[in-house]
């Protein structure tokens, strides 16, 4: 299950509205899906998850928390996207190695103004995602690394225990007209490289 | 102004209800106060701030965001607490060096079940706060250190830029009956010390 | 055993010379003691450790790495300090809850110009150490928090795994004449408080 | 200039021997080159740096610290590698955007058992480096992220100030016979993908 602080920041960054249509890719236990469904009471959440055991868990949790506006899709994304309507929000916690395909499928469904929020625990998936976003000039993004240490109460002292760091990438789809004003990646690259490159590895 | 991610986690940890009465000590520009006031629409926020310029800024921001349920108190806390009613939530971003006095004043006003959320940027204030909480057995607390690195988009690369780390301490006031079941600090200390102390500095 | 990176930074900060006399308090498995002994080939290391099993381990490791200039003292520091000569370096990895007593005992033995390097995993011990150093104007110190994430090779990706953070405090004993020029803590406090304190918790 | 703690860990990971031949790519002010030259007193350091001002600085620093076994090569690496002999150690602090070319050039010069230590401040260069290492089965590597917070002494308190995080990658060139026993990247990939991929973004 996604750690509490990362879950909170992910949900806040998704800027979920009351009527929003949301996909949660790699939904796991459904902790994000269910909280999203409770925010988007007039909307709907599509939780895509490939593991049968996890799918069962999401259904149980949805019942337990009395969440009705949630559909679980048992599939390896982007499979299962066919029946998903145009989206306001996509939350990607796990992509099973098919990140590029998932991003392309999300992009097809995402409305202008829609948000994608992704969590990463590996360098390579993070780099791939940033590469995809740089290649799509109609997205604005920002990215953070979140590192949480819990202070464990051990009587009359408190000891720092580290949680594994997570990167959160938040992207917003903008109008092509706006994107046109943004300097293109290829042009940016040529400008920088022609100056001899950055002085860092 | 408190950094975005710390502000979000602080507000979420405060578990603000729609009717809650809230004090924001060291309110600064009012970024926390105003967001709290918008959550507690049927409640009220008391923003205590000693700097006249900051007080002016909070008033301007309250007007700009059309927030009515917010009272600014120009004082060095715990001065100014006299007219504050019993509280559901206390958020302490700055204590001007009077942390113990502020905690005592908050404790007098805080209802059973009420929450205190504190942000710390110094080791000493954090340690003082934890000491106060350990000495008050009718509080349960947890504490985290939050470290955020922003990935700065520098064309075809993204460079990690660190923000200063902040500790967030969240405490909940519990019934004395519950507290009685919690092992006392003095007893805990004696038990541990009698075993020879912890094997760490 | 102290984590590799923390051990390296601790040893480097100790600025061990070839003839130095060194105490290692809370020596544990002896990982620091043995490396220190190999640097101070013409000097001597006194490893103070209270746990009999750890003491055995240090002796075994010393034999294994053929280290002769190392004396193990089985005691809870500052017990066992009686027979230790004037010191160039004190490394304090564990103080068993008696940090203030250990610092006082080290201070009595430490030569002018000598270094103390301490590792901390709890907020309270760190704060106590900083308080002791602020109260002793003939010490200069700096302190860092070190957080290491290991990238675990999981095939075609690398996943970040956090290690618990450690604070390293490094203090140097200076001549009283120099210390006299340093502004006293009491005076500094009065100056700052008279300005109304710092605007942070 | 590379931050102190990163410089220390980089130099220690390079395991520099007294007779070692070393290249320092993107030498900057020469802080790493000069320390390396003082360790490898019977060896030699080749500092490759493209910025004329930095080249001047390295020469000045070498003179100031009386370092003779250091040759500065004013070039954008891998240019300037022609006259460099077989190497024991390559330290890569900056590659000016030509990381792959630099790694290939280093690989040609590096002896079996030789070490490459790289510092990264961007996600993309880190990912590229890890990709290169995964594609070269005769290298073993480990990678860490180092985050340092300095406690700034502000009178009677100490405030945490973050330094930007750096990744340090350390690779060792092994015998082909050993490499043969290591499972190949392609095979590893097929195995993992055939199991459906990892359940994380």
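Lettered A, B, C and D in written order, each chain numbered from 1.
By definition in this document, a residue touches a chain if its C-beta (ideal position, glycine included) is under 8 Å from a C-beta of that chain, and two chains touch if they have at least 3 such contacts.
None of these values were measured; they are calculated from a predicted model.
Ranking A-C and C-D by contacting C-beta pairs places C-D first. Set against the Cα centre of chain C, the chain with the most distant centre is A.
Computed from the mean C-alpha positions, the centre of chain B lies at a distance of 33 Å from the centre of chain C. Look at where the CA atoms of chain C average out and do the same for chain D: the two points lie 29 Å apart.
Averaging C-alpha coordinates per chain places the centre of chain A 43 Å away from that of chain C. Counting partners per residue, chain C has 121-125, 130, 145, 147, 149, 151, 154, 156-160, 165, 192, 198, 200 as the residues that reach two or more other chains. For chain C in complex with chain A, the touching residues are 121-125, 147, 149, 151, 154, 156-165. Looking at the complex, you find that chain D touches chain A at residues 26, 28, 50-51, 76, 92-99, 118-127, 129-131, 145, 147, 165, 192-193, 196-201. Contact residues of chain B toward chain A in the complex are 5, 8-9, 12, 130, 134, 141-151, 153-160, 167, 185, 188-189, 192, 198, 200.
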